[in-house]
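Next up: some structures, all given as structure tokens.
Below are two complexes that have subunit A in common, paired first with subunit B and then with subunit C.
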Partner chain A sequence: MRESLGGMGLLAPTVLILLGLVLYPFCYAIWLAFSDKAVGSAGQWVGLRNFAYVIAWPQFSAAVFNTVVFTFSAVALKFVLGMSVALVLNQRIRGRNFFRAFLLLPWVMPAFVVYLVWRWLYDPLSGLINYALMDLGIIGSPIAFLSDRSTAMPSVIVAHVWRNFPLYAISFLAGMQTISQELYDSAQVDGASRVQQFRYITLPGLYHIIGVILLLTTIQTANAFEPVYLLTGGGPSDATMVYTMLVYVMGMVNLRLGEAAAVSTLFLPLLVGLVLVVTVLLQRKANA
Partner chain B sequence: MREPLSVRATTYALLALFVFMVAVPLFWMVTTALKSNKDLYEDFTYLPRRPTIEHFVRVIQREDLLTNIRNSLVVASTTTMITVLVSAFAAFSIVRYRYRGREWVGRLILFKYLLPTAMLFVPLYAIVVGLGLGNTLTSLILTYLSFMVPFCTWMLMGYFRSIPPELEEHAMVDGCTKIGALFRILLPLSAPGLVASAVFSFTLSWNEFLLALVFTSDHTTMTVPIKLSMMVVGDQYIWGQLMAGAVLASVPITILYFLGQRFVVQGLAAGAVKG
Partner chain C sequence: MARPAIRRTRREFLKRSATFAAGASAVLSLPAPAVAQRPKLVYWCYQFLKESDEARANFAREWATKNNVDLQLTMVPWKEFMPKITAAIEAKATPDIVESGGVELRGRGQLLEVTDVYKKLEKTYGGWIGSAPKIMLEPDGRVHHILYGFSGPQLIARNDLLAQVGLKPPPATWVDLLAYAKKAQQPPKTFGLGQPVSNQTDSQIWEEIMKSYGARLADDTGKRVIFGDYKPQVWEFLDFFTEVWKAGVLPPGVTTWDNTMNNSTYQAGKAVFVLNAITISLWLETNNPDLLAKTGHYNFPRGPKRLNQPVTYGSRSIMKYTKMPDLAKQFLWDSMEPGKMDRESAVSQWGPVLNAYLNFDVWKKKPFMKGLIEMSLHGETQGYPDVFNDAWREQFVNTTISRMLQRLVVDSWTRDKAFAEAVDILTKIYAKYA
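Up next, the complex of A and B:
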């Protein structure tokens, strides 16, 4: 009895943190979504009014669309790039440890630093990308990458992929190194091509890691805030307005906490849905 | 078996492409910080003609970045110390004690994983303001604990499980208390796990953006990420100073990561040899 009390005592700080800073805010967020709380006012129960207001707002449908586009294209690109990098690093190349550490750098650097650097690379007046493209004669006049509706979202995605592909690469590489070399040797004896070896040995060997990585990073990607905030602020005219940015604008700029909480509550099922889609896709692939 | 020439050529060509892709933004960050404003805005050059540290001096003197670096250091080191201690206690309790309700803590930790910060920052903001902690470093330390502690507890549980409980039981037969056994046996043996948790907490606190943006509102409490992001909108010719700040913000964290990674790998290898 005394012993179990000691155990609970050791756990108490963690339980306090989980209850006070995770569970309570979560319930509070749900309550906020049903109230008209603003900063400095107490807030009254208003039923579904916030939800009705938010759903009818064009910015909200833009946020749904942009969050889905951003999440799927970013995850797909990170997957392809990460897999290619892992395949290259899995070959017998000179200085492999150096290259592995070097290609990890974007992910080791603070995310906010990466997005500030990309904002500067995209700069229409003195940015490297515009200058280099004009220098090479590819474009005649500078492109306003981040303030043109057609280029803003792709530009944000590219910066996000650059920063995050190394996580995919090192995870896939770690998985590849657990696959027995003998499988490849015997496949080669049987005359299997490189593509066939990848399709029938490497990919099945990675299914578990691919599943875990896709699940975790889909949630992370759908909740990305920094790339949008630091590169475009959601603009131009909502072209990059993802849901995290919308919650921020509503809550912290317009100070309408109730509506902000309503947006994040509405996205909860969408996030769960995204995770389910990824899970189903993976299972179908595993059965195929 | 040696690879055919075509495979090796493709491999090295792709490797070169990846290295180029990663190197260009890094190169641009460092060289921008070292260029004069003339080289940046009037007379474009790929390489700095006359490298200068003027931007570093300016960002420290005129923008007073040292204050923000100090804030970031205070928040990151306090969060790290509290996290490692609290998580070690929690993991020890869950792994080595038996009582009802333990499994609920595990479920709450998992719940925290699936719950996005974007959903929590609005209520957390209201809570922080309600507690009178608006615009303080304390509010950052407190809220950072809410995602560091669950993660590190989870990680340390794995480490503690891998260490046979007999070691502690022997120590307790020799008159050591259970808590004494934690400090004398379990923690020293889990040193790599503790280092990994510390590196993780420090890095995440140092880089954290959204909560710091929401909770702090003036220069004296801003951490480095917020200060630098505020500088973007201030002045059009700020990029030299911004990239100098970016270099200052990323060098320590990069060094810490690679140092920590070495420790972690060493620790894992040692554990494997001991069996």
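Up next, the complex of A and C:
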């Protein structure tokens, strides 16, 4: 009895911190979604009014669609690129240590700087990409990458992937170095090809790392705000309007915190669903 | 050899202790009253144009030194003001004086009433000019923010490029402007009109242009949306906009331009016309005087129904939570002194708001400043003929009209569909404030 009381006493500070820093803000955000809280006002209970309002808002459906497209595309690209780079840097190549350090550069640069540089690269009047393409004779007139509905979202995804794939690469590389070389040697003796070695040794050896990385970065990608805010502002029209941008507009531009919280709350099941799908798929694979 | 122990009586110990304590408190308390009595003010200064911002910030620092005030000054970029003040209000840690968001914060009951300062300034400096009273005075006669300058977009034009093709500015109407832009541009070197059609507020100049075609959003009470009744006027405007788009006078990328891109495009010599405040010209004055010499500043062209020249403003207000209301009001009063305003006007984008400011030399010295007088005296409040209220502001920051235009050119929607969506959005926004 005395021992369990002591244990509870030791746990109490952590529990209190979790309650204060996680549960309270979470519950407060839910309450906000059911109130007409605006900046400076106390807010009154309005039931489901905010939810009805934001669901009927024209940009909401675009935000749902764009968030899903952005999240799945960006995570898939970061995974493929990160894995490819990790495989290359896991080989004995000249300057390997330099490249490993160099790889982190996009990830350590401030997001603000990265996306403003990409904005300039994409610029149709003075951007490097258009300049190079026109100079090489590939295009006759500049392309407004960020301002055309067909190219805006892919351009935002490319910039986001460039900044964030190093996390994948470094994590996978760290995982690869824990896999015993003996396994590869034996496979080679048995005549396994490179692809077979990757499929039956490398990939299973990385399942846990892949699981953690995909789980964390799916949440992080779905909540990404800077790339859209700094590159397109959600435009052109609503072509890149993701839910975080919509929350920003409703909360910080319109100053209507209740509506902004309602958007966040409506996206909560979607995010939880995404996380569950990723977790279940990986769990199945790990248990297979 | 051991030192002999010094033995003191209890009386001696107490006496020494008391003497030491008295001495220490006397020494330590000497600067204390000065620190304690020095009042503190937190001032959030609007950051937009370097020289102008520095002039206002320097005055604030000098004022603080002169009045023995502990002034904590923070420069807040224009774009960050609302998120920052929102967080400050929610955290109950607001500054005392702010330079932005007068109307938004007033509408949310966050500002201290400053009607007394308004009336004193009016009486002392010959009265307010132009739309200033309309912007500051509320229906019940109270005032919560004090204007210090008018600004607003003008038609800024490359006179040299227009002269090369035999055109004499300014174009009288929007249709003339399009004709001028088409003739003078040489894409991709120069484009006719550097104007965003994006989700940023500078794009809402299209709302002003639309209104010069006779349309309006809501009725005279500012509560009921009547935009749907103006279909013919909106159609005529959309015809004009479609022509602008098809003519290729807008540079590529305008549908995602932010509020700086029209400035930078003109400053880089890549636009024949832009609709912008004279911040462009102030920048050119320092950084590219040659281009400034080739630049003309004009009123907006007319639409078929009227000339819509909007005027924006800079203002100061006091947050209602201040512990130093009288001192903050004193600052508001002192910061409007004509001598100080004369010095600031020379490096600012702000036009006069009081009659006493009309005599400043700067309006005569710099040709591009002349337009500020015209704008200050005759410019209409933003949104005119609509009422400048919270509902109008929300649709403005949501760039409702620019989004309608983007639906046409980005999403290839029909006019009916884009117009119906705009009516729906306006109705939803205005209904919240009815």
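The rule we apply is simple: the second predicted complex is superposed on the first by the 260 of 288 C-alpha atoms of A that agree within 3 Å, B and C clash if a C-alpha of one lies under 4 Å from a C-alpha of the other, contacts with A are read in each partner's own complex, and residues count from 1 in each chain.
Please note the rule applied: a contact is a pair of C-beta atoms (placed from the backbone, for glycine too) under 8 Å apart; a residue touches a chain by one contact, two chains touch by 3 or more.
What you see is a predicted model, and the numbers here were worked out from it, not measured in a lab.
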Mind checking subunit B and subunit C on superposed subunit A, clash or fit?
clash
So in the superposed three-chain picture, is A:144 touching just subunit B, just subunit C, both, or none of them (first/second/both/neither)?
second
Under the stated touch criterion, which partner chain does A:152 make contact with: subunit B (first), subunit C (second), both, or neither?
second
Would you mind checking which one, subunit B or subunit C, touches more residues on subunit A?
B
Using the superposition on chain A described above, determine whether A:191 touches subunit B (first), subunit C (second), both, or neither.
neither
According to the stated criteria, A:47 is in contact with first (subunit B), second (subunit C), both, or neither; which is it?
neither
Have a look at where A:252 lands relative to subunit B and subunit C in the superposition and call it first, second, both or neither.
both
Which partner chains sit in contact with A:126 here, subunit B, subunit C, both or neither? Use first/second/both/neither.
both
Is A:110 in contact with subunit B, with subunit C, with both, or with neither (first, second, both, neither)?
first
Quick one: classify A:269 as touching subunit B (first), subunit C (second), both or neither.
neither
Once the two complexes are overlaid on A, one stretch of subunit C runs into subunit B. Is it 19-27, 73-81 or 181-189?
73-81
Overlap of subunit B and subunit C contacts on subunit A, residues 39, 123, 125-126, 251-252
Considering the complex alone, what residue numbers of subunit A touch subunit B?
3-4, 6-8, 10-11, 13-15, 17-18, 21-26, 28-29, 32, 37, 39, 84-85, 88, 91-93, 99, 101-103, 105-106, 108-114, 116-121, 123, 125-126, 128, 131, 162, 185, 188, 194, 219, 222-223, 225-226, 229-230, 243-244, 247-248, 251-252, 257, 260-261, 264-265, 267-268, 271
The subunit A residues in contact with subunit C across the complex are 38-41, 53, 56-58, 123-126, 141-144, 146-149, 152, 231-239, 249, 251-256
What residues of subunit B sit close enough to touch subunit A in their complex?
1, 3, 7-8, 11-12, 14-15, 18-19, 21-26, 28-29, 32, 40-41, 44, 86-87, 89-90, 92-94, 96-99, 102, 105, 108-109, 111-112, 114-127, 129, 142-143, 145-146, 149-150, 153, 178-179, 206-207, 209-210, 213-214, 225, 228-229, 232, 239, 242-243, 246, 249-250, 253-254, 257-258
What residues of subunit C sit close enough to touch subunit A in their complex?
82-83, 85-86, 89-90, 104-105, 108-110, 188, 198-200, 251-256, 258, 265, 268, 270, 394, 397-398, 403, 406-407, 410-411, 421, 424-425, 428, 432
